[in-house]
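In order of appearance the chains are A, B, C and D, and numbering begins at 1 in each one.
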């Protein structure tokens, strides 16, 4: 048993494993740079206004485009998580070992903090924005909302990584990014549409306010875990053959 | 004959069939969450204004991105309908059996109602928006418009699911979503650009107003049926070989 | 000789050829419906204002999304022209015969007129917008601009239809649409960014003003022809092997 | 040694090499036409206002869409650089020879100048915009920011050109374009989000102001070189097998 644990840790420190952590670090860094950067960019252009439809589009498109791209670059190296909630779901489902998942988390959180730090240092005088919750919502409601959105995201990730997708697998990273963008458009003015605890953590650490931080961890982690288990065990289990409409459609 | 009907019902209740209904439920839930959510999000940001170009972009992009993504996730399981009009066209064309189509409808309608209910409960105080028709238009005109748009959508779905597409099939779900987004940009201020009776039904059920509901069923169902029959029997029948320009281009 | 011409006309009236004309008709109809519809939609939302950045985004995204999608649906049937300028370039380059090209033109022009007519009839009271030229520009300048943009578009079409593209061919229709959208963003406030004589003709016929119509034909047809000849004969001739950097990159 | 240099120059002047330079010229011309054109278009619509969120979306989407498309068209011919910083990274990494890289640079710079010249001549009275730096930022800070963004871009290019990507390679050019668009959204109001020295050079040459030109060369070239070396030697070296999570995911 102890031997087993030691083995797993050794596997987590091979050269390939280290490359995976680096790939997660790079992709998460790029993602947070674009997402938090676009938030600062929108705020710079509309300093006295709160969020409006045009700035929501700025942030949502940045999210969709950046996520598509960074998942693509990490896809064949680390699996393209870029998000502690996704890593959590993968660990729960047994797709990555617990030690590996921990190293992924560390890489993602450090990357996010460093991306926010870079933005803070370069864009002198600009405040790093943290995710905020609409006045009429409770923290519980916001966490439930973020949980639902992360559920959607992780379900899409599982579908996109499914090797049974055939030719569709070419567009996997892109559709995950598109889903994230749509979710930001739906939830932006209410809970911010983070769906990514690393992003929330980094902006909070550099922005200097950990208020409501739990909101962006509890809901997403739960939503992610449920989505992964549901996909693997009910919607498309390994033993499943094709669906009812396959071969019937056009 | 009775035996045949029983058989078909049995086929509709196999494990694979049940997985298909679940996949339809999940994808429709995700789609309605993003589309109706983005409508509420736009309204939250512009409470006193009617639709403007920026909010139209918010809703249209959410539609395009979410539809691309949810079709992708359901593509190999249920065939990726996510829309009673598409299921109707598939049943008319003989691609799914009538009992299966009925179960698809049930799954889609329940998913839509539940997505709107979730939004209503989480986003306390926000009204779930229903599709509305521009003042100068009649309900008949709006239904014709929605019918044309659904015709376009279903024609695109048939093209994307055609196994003769070869390498292009990788981008099938994405182009369907893009077409839906373009249609919303064209019809948003006139009839809302629903093209999906489930979406209209869910928002009406939770929003509390079934006014004009028929508009979003009659036109789309007719348009969908015509599109499917046209594609299957005239534009690209099973017996057709390639087109006139194939092999001639570059 | 006469025999040859007769033969070619017969080839243009086979069942497959007729399906191609129908596919061109459908795709052009869908494209014009979305593009002109989005222009009317933008005008409805901002009746007293001229074009502004948000309405430009509405029109450009509708163009990009719709073109990607309609090219996809017609790709394997008619070759996916949807544009008399592209058909012209294909005929000049010998990829389609002259009679076929003429039937394509007829299908495209009728489709465009009918799409505008449908919009006019359904959206009662709304004027069908025609392409206009910025005050400070001459018609000649606008035609040169449209010619450059159509050159870009047709060059991209030739690249996307090149069978030597390998796996990239899966995204061919999408990148053509994206290029069209980018061009509309660049030229919208100056010459409208039509790049498609059929679209200009249809909106002029129903909008009731053929003013500057030549602008949207002369430049685009010339630009298209030059682009096709350049691609076929200089940039990537049939005899060419791969480029200097192939096999050298990563 | 001298012989070797002569050989390399000869290789840079073969027919295939010349086609590559032409492909770089065309794609860079198209890209700059769309990007600088969209900047002029936005300025035309908002002459008295500085950048606002809607015009940022105009420029960012034009960048994303155009880059995806022009990389696609040049991908199999010249390798699809369209950017002196990418060519620089490829030369540093040994993927193109130094003479070839020099010819690429010449083609890219001439293309950019000509595209800006065309815009200046056609759009009479409009000023060609040059990249500007936000008041509160230093030139050094802007160059660091541009360097980071170019790092992200070039890292994505290396990932997309990696032949080990398998089916994902179909979407390579698209995800590079999306990343560029996200970066423009993040950096637009601060340093302009050029990431491309050719684009900055062309607009400066025709706009008539080389102020801060070094900002758009030093940072991007350094960032590009580091990204290429990092990807090739550390993240995904040629000797590397698959990552830790491959075969473990769903």
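By definition in this document, a contact is a pair of C-beta atoms (placed from the backbone, for glycine too) under 8 Å apart; a residue touches a chain by one contact, two chains touch by 3 or more.
These figures come from a predicted structure and were not determined experimentally.
Enquirer: Determine whether chain C and chain D, two copies of the same sequence, contact each other through the same residue numbers or different ones, counting it as same when over half of the numbers at the interface appear on both sides.
Expert: Chain C vs chain D: different; shared/all numbers falls short of half.
Enquirer: Superimpose the Cα atoms of chain A on the matching ones in chain D and note the rotation angle, 0 to 180, in steps of 5 degrees.
Expert: Answer in degrees: 90, to the nearest 5.
Enquirer: Based only on mean CA positions, could you tell me how far chain A sits from chain B in angstrom?
Expert: Chain A and chain B have C-alpha centres separated by 27 Å.
Enquirer: Please list all residues of chain C that touch 2 or more other chains.
Expert: As it turns out, chain C has residues touching two or more other chains at 52, 54, 57, 61, 64, 167, 170-172, 174.
Enquirer: What part of chain B is in contact with chain A in the complex they form?
Expert: Per the touch definition, chain B meets chain A at residues 11-12, 14-17, 19-20, 22-23, 26, 30, 33-38, 40-42, 44-46, 52, 54-55, 57-59, 61-66, 68-70, 72-73, 75-79, 90, 93, 95-96, 100, 118, 122-125, 158, 161-163, 167, 169-174, 177, 231-232.
Enquirer: Which positions of chain B touch chain C when the two form their complex?
Expert: Listed in rising order, the residues of chain B that touch chain C are 51-54, 56-57, 60-61, 64, 134, 136-137, 141, 144-145, 148, 152, 155-156, 159-160, 164-168, 170-172, 174-176, 178-179, 181-183, 185-190, 234-236, 240-246, 248-250.
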